[in-house]
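You will see two complexes here that share chain A, one where it goes with chain B and one where it goes with chain C.
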Partner chain A sequence: MTQVKLDPVEQATVKENRLQDTKELKKSHKKPNRVWQDMKKNYSAYLFLLPKLILFVLFVAFPVVWAIVLSFQEYRFNGSIFIGLDNYIAVFKSEAFRIALKNTLLFTVVTVPFSVISALVISVMIFGLGKISQSFFRSAFYLPSVTSMVIIAMVWRWMYNYDFGLFNYFLSWFGVEPINWLGQSATALWALIIMSCLIPFGTGIIMYLASMGSISQSLYEAARIDGANSIKQFFHITVPLLKPTTLYLVLLSTIGSFQVFTQIIMMTGGGPGSSTETLVHLIYKTGFRDFEYGLASAQAVVLFVIILIFSIIQFRVLRHDE
Partner chain B sequence: MKRIWKKSTLLLASLGLTASMLAACSGGSNEEVGDADEFKGTITIWDGPRWPDEDDNKYHWLESKIAEYEAAHEGIKIELVQVPWAEMGDKLGVSIAGQAWPDIAPVDISGSSVSIDHIEQGVVEPLDAYLTKEEKADFYENALDAYSYDGKLYGIPNSITLHTMLLNLDLFEERGVTPPENGKWTYAEFLKTAKDLTFDRDGDGKTDVYGFSTYILPGYYEAWPFFYKNGGSPLNEDLTEFTFDDPKVVQAIQDLADLKLKEDAAPETLGGSDVGGTFQAWANEEQRTVAMEPWATWAIGSAQGAYPTNFMVAEYPTGDSGESVTIGGVGGWLMFNQKDDANKKAAVADFMKFISSTEEQFTMAQHYGIFPARISSSDMEPFKDNPEMARAMEMSDQVVMLPRHPEWKKIDEAIQTQLQLVFNGEKTAEQAMADAKKVVDELLK
Partner chain C sequence: MKNKPIKSLNKIITYILLTIFAIISLLPLYWVFSTSLQLSSYQSQDMERPVSYVNANPPKMYPMGIPLYFEHWGEAREAAKAGDIELETYHRDMMSYIIEDTFSSFVNLFTKQDVGKWFFNSIYIAVIVTFGILLFDSMAGYVLAKKRFPGRNLIFWVIIATMMIPGQVTLVPLFFMVGKLELMNTHWALILPDLAMVFGVFLMRQFMYSIPDELLEAAKMDGASEWKTYWTVVLPLAKPGLAALGIFTFMSVWNSFLWPIIVLNNEALYTLPVGLKTLQDANLASFKLLMSGAAITAIPMIIVFILFQRHFVKGLTIGGVKE
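Entry: the complex of A and B
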């Protein structure tokens, strides 16, 4: 390899140019400038985002940061006291927290797969229907999502009523003795799980239907030409291509299940005993009944970390490989 | 001269020391009392629904008092926030957490809305400076005690409640069962009555009416007088020891649970958590599936009004102790922290006294199913035309108050959640109270 020899003037010019390039490169890597330039360039977009950003900071970011700060304090109205990790130690030593965590995990592990899979199955069934029927079922299945959980819980409480509830009425047809669904430790949590499973996952159905609509029909045609039947097409085309939607829905329903609260407070109050105690209900009781805001914040932070870990695991397992 | 100066200095110093010690001991009793007439502004008061007027407005009593007070005090506006009773505790809890409390709210200080911790932290204002000795002397001692902590008064009591047994006399008549004479009975008599009142009305082999029912839920004490029937209490006198595991208490708990588990004289829902459903089973004309239930005195008003029932008031049955016991409660108005605004404090206290006067407590007693906390209101005989309320009032001397421990809410939950397991047959009373003891002992440490 031959090297081109430059005269001293040219060498000086090249050196100066390189120095200039390096300076510009360094300049362009200065983050604030880039961010500032970007903001200046897209100021209208940032202006549109500003109201939402202010609301986010006020009502989400600030409370989260405040909760973390509180979790290291014993909250008092006349001046809180910093107590280090005492609240966290109390959380991990607490029998009530352990029971609530166990119940919440069981609730999540059963309801999340059931909700997501049932949403997928219902979506597949609806997708093949005509436009009008599809719209009807889409609306019908989405209805529970826009209905207050308080109302739904009240209706289900009646359905589980020992004396005149719907479930015991059906059981009586088969000569089965009535069950005290919400009054026995053995059945109370399962009654709540069954309720959550049987309420259609409206958001999931809508999202699956939208995603199915975007799958190219040519893939199915090619599969049919290759002799793949409907089941093979479903498992080898539909399911893999819906993976990003599935990931999103699993994350969404996992977070929702970990935060189960309304059904508990409306239907069982965590009882009988502690059989239906869940994490958010425990946090609520600790904060607003026992007024131990520091401890409640520590419980909330631990719940946040648990959800985060679950989300990371789900993301890694289900992420869409490019 | 030097000696005299030395002596004077010493005297002054000792006088100063004595004065400062006296000031410290007085605990702020010489706090500046403002002038209510000087205050101009808004006072916020929360209240729950009370008795309805002809337009079914359940806030009409307080609204009329507000209008009267505002007319007499120019520049003062009183804002009423209507809060359903079921939400009062939660709403107060959230408002205390956010330090956005009202000026006045109706609170049973031993309940779950406001704790002793809050008093210690200054969330609730002491009221001693606004009530004279003579004014205080007009309140029943136990009512004042309920609102006193560490020698100071933290509220104006406006009502006393207790629990009674309510007996549906139509069902007694239908079964030919004689109700207890003067409402007094032993547990054995109660048990026999409950069994006699349990029957299959239509002959389909299923029980249609049960003798007795109640519910078990943290913060509710309808069933608790049964647990006191042989003597005993949840904590010992100096609140250092859990005593509900005493064999006589354990036996009393098991006896009541056995009404369902062994005697079949109570429905499956006995000891459940459905408060509304339990009341409907006794009071609703379309149900009437339970003949006897224990309730606080508000239910007497309800059974005379919204749910007209042919009923009588009875005492809780007696056990080994031979004495009937009931759990009592005291309601009243609290003033929340006013941030050193002395004039506003005085105005708020003035309004609290205005709505807690002898006449107002008399009116409340007549219409709202509570007993007055003022002796002068009771002297006006609010129940002379209401024999059921008068009978309930006679039970005032049987009242036992719940222990006033700072951790009571947690202790209560530890006991009540275990009681739920006894009543659904998952644990014996002995096992349940032994398990409750483990939790309560930790809380009492």
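Entry: the complex of A and C
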């Protein structure tokens, strides 16, 4: 209130002395005032934001801050104590974390390029078809994405079954001996990787199709006149123009695959040994089986930083040669 | 002219390849339903022990109920001709056996397990969260897109920034909070954090940009209050965006897994994915039962997808790359 009353007085003084430095004075004193009035004028906007903002602060912002605090603490039932960087040191020293990181990286490095490239290839194939077949195939490839990963993991565990699974049966057609897919450390992680590769990247296909629709046909027309065949057109027109979509999809699937969890807990529990242990499964185990809440928070923060670094690198690389 | 045969050959190859890929992509879902409807076992008089159709080597690629009926049809007809049995009896007995056995695991799930309850829990939680998100996110998205007020950009960027943070970071603090608020083992523990998801605010803001300012001005001229403008002008125009957001929210709540397995310990409160996990932990090798549970969980989303397909496409392409 006092600020509002001050306003005319100040205006008067500004008018009175037209010195050079009054401009700065005017700026610094008027600003909070205007902001306050703007806020009052738009109070309804804040009311519209209020419910979401309360939920956001309570269940997102506050927990994020708390997680960072926790990561510097050792959890004790009767009051946690600060232990500085000890949790982080423990994270980087621990064998379990290194294995989980290695497995997660391998998983990501194989599945992300495979998913994105196969989505691109499938989209190009679908795009050339008529309307009806286009929407038919688009649905066929998107359908698995609407079903829960829990279900997909359950059925793949069944398909990987040693005695009666579909895979060993298919392999028997080619005279290959049955493989104990999920039961031995040599194959378990690869079984999960193959599974992720064979689940179509439905979101990718839909987004690629949408972006292809917005590429002007005249570009292809011109290329055809210049004698470029369809493979050349694909590499010189389609791929470069789809780059923003590709960037988005690579980021999306990288973030997703760094967080791989459901398959692990439903199919292998991280085993045999720790051959399929991944970061999020490790966080889950550390926090909710071993109750090392501080350590689990530190692991989660490290996961976030890793994802962030990867995102920035991908952003740079895929953006650069545009 | 010379190109024509090559072009149609290309097209045929494309169709063949796409069909193969589509089969690979749909095979797991097919296998869920096929296994869930498979006969569990069958023993005829001349067999020493019952054969399992679910655990069969080679696997039975489709439910064997109807084929079994026809397999024994010939014998039955012979027997009927000889006057040993009546065909009608054969038909009645066989059909009731086949139907009972085919659906036995579904009956089991709904009568002996809590699947009915889990189904109800999943539905009502997903519905509450979906409507809550639609209301709150459209309100927030509307003012962030259309109003100029101090703090607007700050709020928007803070929201965008947190979209980058993986959910696992807040797992432990949320777990503590839920404990402190005494919400552990209640559905509020799922609903409240889900209502705080920010993706929808971003989506709604992007979508509401395209609403022409003139319409809002006109409503204001007519003396409509802010709330009335939002409710009668903005919301109807935002319908396609709301539909897309609603579907994606419903889907993500329906399928959410990591957080529910942490906060729910009481079987009666489980949602379907959590229930499926305990079902699998308790029946590791009864694949017919497990696949039936999976089928029950998958069917609602498949129906939603078939009914609202075009909204899925819309939802994925608004606010995604274009902008």
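We take it that the second predicted complex is superposed on the first by the 261 of 322 C-alpha atoms of A that agree within 3 Å, B and C clash if a C-alpha of one lies under 4 Å from a C-alpha of the other, contacts with A are read in each partner's own complex, and residues count from 1 in each chain.
Definition applied: a contact is a pair of C-beta atoms (placed from the backbone, for glycine too) under 8 Å apart; a residue touches a chain by one contact, two chains touch by 3 or more.
Quick caveat, the model's predicted, so the values are computed rather than measured.
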{"item": "Joint occupancy of chain A by chain B and chain C, clash or fit", "value": "clash"}
{"item": "Comparison of chain B and chain C by chain A residues contacted", "value": "C"}
{"item": "First, second, both or neither for A:Pro113, with chain B first and chain C second", "value": "neither"}
{"item": "Partner chain(s) touched by A:Phe288 [first = chain B, second = chain C, both, neither]", "value": "both"}
{"item": "Partner chain(s) touched by A:Asp163 [first = chain B, second = chain C, both, neither]", "value": "both"}
{"item": "First, second, both or neither for A:Pro144, with chain B first and chain C second", "value": "second"}
{"item": "First (chain B), second (chain C), both or neither touched by A:Arg76", "value": "first"}
{"item": "Touching partner for A:Val301 - first (chain B), second (chain C), both, neither", "value": "second"}
{"item": "Partner chain in contact with A:Asn180 - chain B first, chain C second, else both or neither", "value": "first"}
{"item": "Overlap of the chain B and chain C footprints on chain A, listed as residue numbers", "value": "161, 163, 287-288, 293"}
{"item": "Complex interface listing, chain A residues touching chain C", "value": "35, 38-39, 41-42, 44-46, 48-49, 51-53, 55-56, 58-64, 66-67, 70, 122, 125-126, 128-129, 133, 135, 137-144, 146-152, 154-156, 158-159, 161, 163-166, 169, 172, 198-200, 203, 206-207, 210-211, 214, 244-245, 248, 255, 258-259, 261-262, 265-266, 280, 283-284, 287-288, 293, 296-297, 300-301, 303-304, 307-308, 311"}
{"item": "Residue numbers on chain C that touch chain A, as the complex places them", "value": "11, 14-15, 17-18, 21-22, 24-29, 31-32, 35, 54-59, 135-137, 139-140, 142-144, 147-152, 155, 158-159, 162, 164-177, 192-193, 195-196, 198, 201, 226-227, 230, 251, 254-255, 257-258, 261-262, 272-273, 276-277, 280, 287, 290-291, 293-294, 297-298, 301-302, 304-306, 309, 312-313, 316-317, 320-322"}
{"item": "In the complex, chain B residues that touch chain A", "value": "89-90, 93-94, 96-97, 99, 112, 115, 117-118, 121-123, 217-218, 267-269, 271-273, 277, 289, 337, 409-410, 417-418, 420-421, 424, 426, 439"}
{"item": "Chain A residues touching chain B - in the complex, by the definition given at the top", "value": "76-78, 95, 161-163, 178, 180, 182-185, 268-274, 287-291, 293"}
